[in-house]
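Down below are the structures I want you to see.
Both complexes below contain chain A, partnered by chain B and then by chain C.
The block that comes next holds the complex of A and B.
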């Protein structure tokens, strides 16, 4: 009796859809539907517990009138740039060192470097709060090594973004090393051997072979870092006790969206901010893909 | 024979067991059938336990109308977000819910989904400090009942004061407080900056500032629901706060900006801060967060006053229990009566102290022996005599739709600019008002 069903299921045209069904269901319900709803909401006055009405582009206009939005955009951009400046070169160098065969027990190092990414963010936030406190580890370390007077990391606006970048560095260095490592493994050894015979030194090898051949990996890491940077939420939320830090100097876009939606209960404006944030990330990603020649036809 | 006896015993035991089981389950089934189920969401487990204890008291007092209260504890942010969402979609909300004071106004935007409680509160109105209802009032209706009064008191470290030759009992006015502060604030290691301060002020939370604003007669909203941020009283209060830090030099910004940070608790324990003003419920932080480290030196005293006949204290923080409109209409009256019984009766107010350690909002219980107990955490003194002494003229706190946004502005930029950047108070308040207007708030003046 079930035979017809089996026949249909075994049909080559049907089978892919059957296998895709569970994923597509989850994807449509939990990803596509909320995205569409958010876009619709961004054109509505959706304030408080009341019925919503269409307001056209008013929410978008409001967004740019808000002082906090510009502040959040500046903060988030600065944070993203800061993480890029640290989280691309540092892991790259460490990955090359680990791959060079000069490090003993490199597997142990790799595992240890990966651990921060697995640590609960709440734990991370709490530990960094203690470390960044006025009489915490970081100040003691700076005082002992560089003789710097204790800094008020968590209380001064100018130190808020550096504090967050310190947290991000601790958290993401290991993961980025893994990415670079997988890229390095794919570079043929013969290239290095040939270049060495031609008399190239270590820096020339790095500059002329490693860097160009790592380009796809670097692009991947840069794109991920930018997306991650613009979406940063949990780090400031936890390090600054749910707020945007001293003088809102660590207020990120995501934090502002959350605040607008759940403190001000203004879902329309919050959704408009979300759409703008998505557009920014989209544009950045496009520029990078172009810059790195992803869309270029292979020769 | 012995065997038979043993067999008999076994049977008797079995019979007894069955009888007990029937009695227990039978009874509970009957009770469950009669008892009205009420659900409650809380974000502090102790609140849920307290309400369950009150439900037991209710059932003893009203055996004909028993209730079966079940509570669910959800994390602070999550609980409020869930409640908002549930009320928004019209399904999934509990019968009763705790709403924190800063979150309450969020629920008043648009249609209100809470049940007015006046009919239940009215019988007790004369017995309570009525201004405690103000934060949970909208459109002339009372929607929530708090767990405590939350009156501001001053916490002193007597060891530091005595070392500087200051008698804690003389600090009844702010002038005396500032003068004493100059003696207490000291640079002990000679590096040019003070190591011990008379007090600390919050730059990322509202308590230090709001207390002074309200005690001077200002605040965020007035009784008519108007935003009064730029009032002269508020300007004066913030000027005083700034002066404590920069002109008098007796205060520092609290470590990490607020009085609940672990770093600030360390400052208190290690004797770097001699006093601070916080609501009465901050008393529980001395054993809970500071491990009773200050048991030999900490005392509670009434707030200093600005002028004779002025406000003696005000209220800070709070959580109101509300009834949502998703409750079965048949249960509304019972729920209202229970809520008033649980929070406003004399016995309930005694339990607010004995169970939760909170200052009750009924004035008549301040004479009760249950409250007048010596506490080891405060040098064996009886803190309630001092708390009660400060309740002469409690400044009310009114809230309105933009109360959460105002709190956010104070917590993020306003107080930081005032204290760290030494911005003039009038400018700080003007900037706050401008931001509120951009958010759609109507601010006169």
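The block that comes next holds the complex of A and C.
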């Protein structure tokens, strides 16, 4: 009885599937299946657990009619763009400087700048909620150094986005430096030597060697930031006390989905919002895959 | 990814004049010292705020090196909140998650790396595409599923649904590609069955990848909020991140407790990181660039 089972399990055609079984089981049940049900749900009137009926595109229509959703979409897009404007050039330049041989103990600095990436986003949020408070450290510091009058960072709508970008800069700069660094070390040094002999200066080296050869890394970080930016959730959730901030100025799409699902229990609408979010991220990811050529797998 | 000697990059490729180099080195290093202070400061602020006597957290907000410290907030945290329980939950759930995810990713990654079978490329693309699905698309479905499966409030409910990590399986596959096929074939000739080969040859050879992934998975779960926030409503089952997020909303004014909780959630990770720095940083860089 045991022998045939053993032979089958050791058959070269069967073996890979046995090894794949655990991953694929979890993957299909908890990743593929919920995507399908979420898409179905987005076409249903699905409030609470009971009563679901087909309503076609009504959920989507409602979502786009929702002032809050449009606000969340605008906020999230602005946040994503804002983080891109800071979190690409800044880490790139810092990584190049750290790699230039002109910084003593560059590994120590890379490590110190990386430390924020180890904190939970919850902790990141609590620290900045404390520091951005009206009588918190940041205001006192700005007043003492620049003479700026205390700003109500967490209560003024226009300051929500800058606050969240400050938080993101602290949390992600170090890790982006890491990505850029691993791209930089792969650039052959001979290129720089040859160009230097030809009389190129530092800025020309940066423009015509570093930037072009770093392109794949830069694109990777850009798309990663876009995907992460559009999914921003914990930071506004914690910094603005589970709410969307003053006048919904810190309401992100992910936060709105969470609240639509678990505060209003409006599952159909939440699912439709999720599909829209997925569609946005999907488009940007496809761009990534085109640039990285992942679909051209070996064999 | 061997580190390149530091004198190789662009700025130093210029012909050097010695004094100028030294001055620019000092200025540049000074700049990074200031930057590092600014980046480490919020962590210092978290710790120091947690140590201020009760009610002094905003009053003393400009006192960077306070002379009076107190452990009161920590005492309150353990006496009036199930904080010890949250720490235990975090440790157990993090360990459970890391081991489960490792099991799925090493077995699956091995199949993808060392076997040819029908549908492999399709599977590859499917797993890759799944990586761009925002978790927020899944939360409602997953929530209803774990209700039906009776997994609400359970460790398994928090662990299993997020354990099939696309990045993890790719990381393992990438690493296992480098294991010599001859090694495996020799064992087959010697009469070892496929599972013995996996256990006693493949896994030991993949040890560095497994160790790195274990650390990264642990970091991921320890710091995760969204899914455990949905799974756990009962305070006694929550991991730290959820507990602290509850504190921050529950005690709007009691920042000292929140900072103490944040400190206890962060310091173990940072201490651990200082021992495993290379593995974490290179591992993270590799999950980013290794997927090309």
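Quick note on the criterion: the second predicted complex is superposed on the first by the 271 of 299 C-alpha atoms of A that agree within 3 Å, B and C clash if a C-alpha of one lies under 4 Å from a C-alpha of the other, contacts with A are read in each partner's own complex, and residues count from 1 in each chain.
In this text, contacts are C-beta pairs under 8 Å (C-beta built on N, C-alpha and C of every residue); 3 or more make two chains touch, one makes a residue touch a chain.
All figures in this text were calculated on a predicted structure; none of them were measured in a lab.
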| item | value |
| --- | --- |
| Which superposed partner A:133 touches (first chain B, second chain C, both, neither) | both |
| First (chain B), second (chain C), both or neither touched by A:281 | second |
| Touched partner set for A:196, first chain B, second chain C, both or neither | second |
| Chain A: partner with more touched residues, chain B or chain C | C |
| Chain B versus chain C as contact partner of A:174, first or second or both or neither | second |
| Which superposed partner A:155 touches (first chain B, second chain C, both, neither) | first |
| Touching partner for A:111 - first (chain B), second (chain C), both, neither | second |
| First (chain B), second (chain C), both or neither touched by A:262 | both |
| Partner chain(s) touched by A:61 [first = chain B, second = chain C, both, neither] | neither |
| Partner chain(s) touched by A:270 [first = chain B, second = chain C, both, neither] | second |
| Footprint overlap on chain A, where chain B in one structure and chain C in the other make contact | 49, 129-130, 133, 135, 241-242, 262 |
| Residue numbers on chain B that touch chain A, as the complex places them | 77, 80-81, 84, 87-88, 106-113, 203-204, 253, 255-258, 261-263, 266, 404-405, 408, 411-413, 416-417, 420-421, 435, 438-439 |
| In the complex with chain C, residue positions of chain A that touch it | 6, 9-10, 12-13, 15-24, 26-27, 30-35, 37-38, 41, 49, 94, 96-106, 108-123, 125-131, 133, 135-137, 140-141, 144, 170, 173-175, 178-179, 181-186, 189, 192-193, 195-196, 201-202, 205-206, 209-210, 216-217, 220-221, 224, 227, 230-231, 233-234, 237-238, 241-242, 253-254, 257-258, 261-262, 267, 270-271, 273-275, 277-278, 281-282, 285, 289, 292, 294-295, 297 |
| Chain C - residues contacting chain A, complex | 1-4, 6-15, 21, 24-25, 28-29, 32, 35-36, 39-40, 42-43, 45-46, 49, 57-58, 61-62, 103-105, 107-108, 110-112, 115, 117, 121, 123-128, 130-145, 147, 160-164, 169, 193-195, 198, 219, 222-226, 230, 240-241, 244-245, 248-249, 252, 255, 258-259, 262, 265-266, 269-270, 273, 277, 281, 284-286, 288-289, 291-292 |
| Interfacial residue positions of chain A with respect to chain B in the complex | 47-50, 62, 65-68, 129-130, 133-135, 154-157, 240-248, 251, 259, 262-266 |
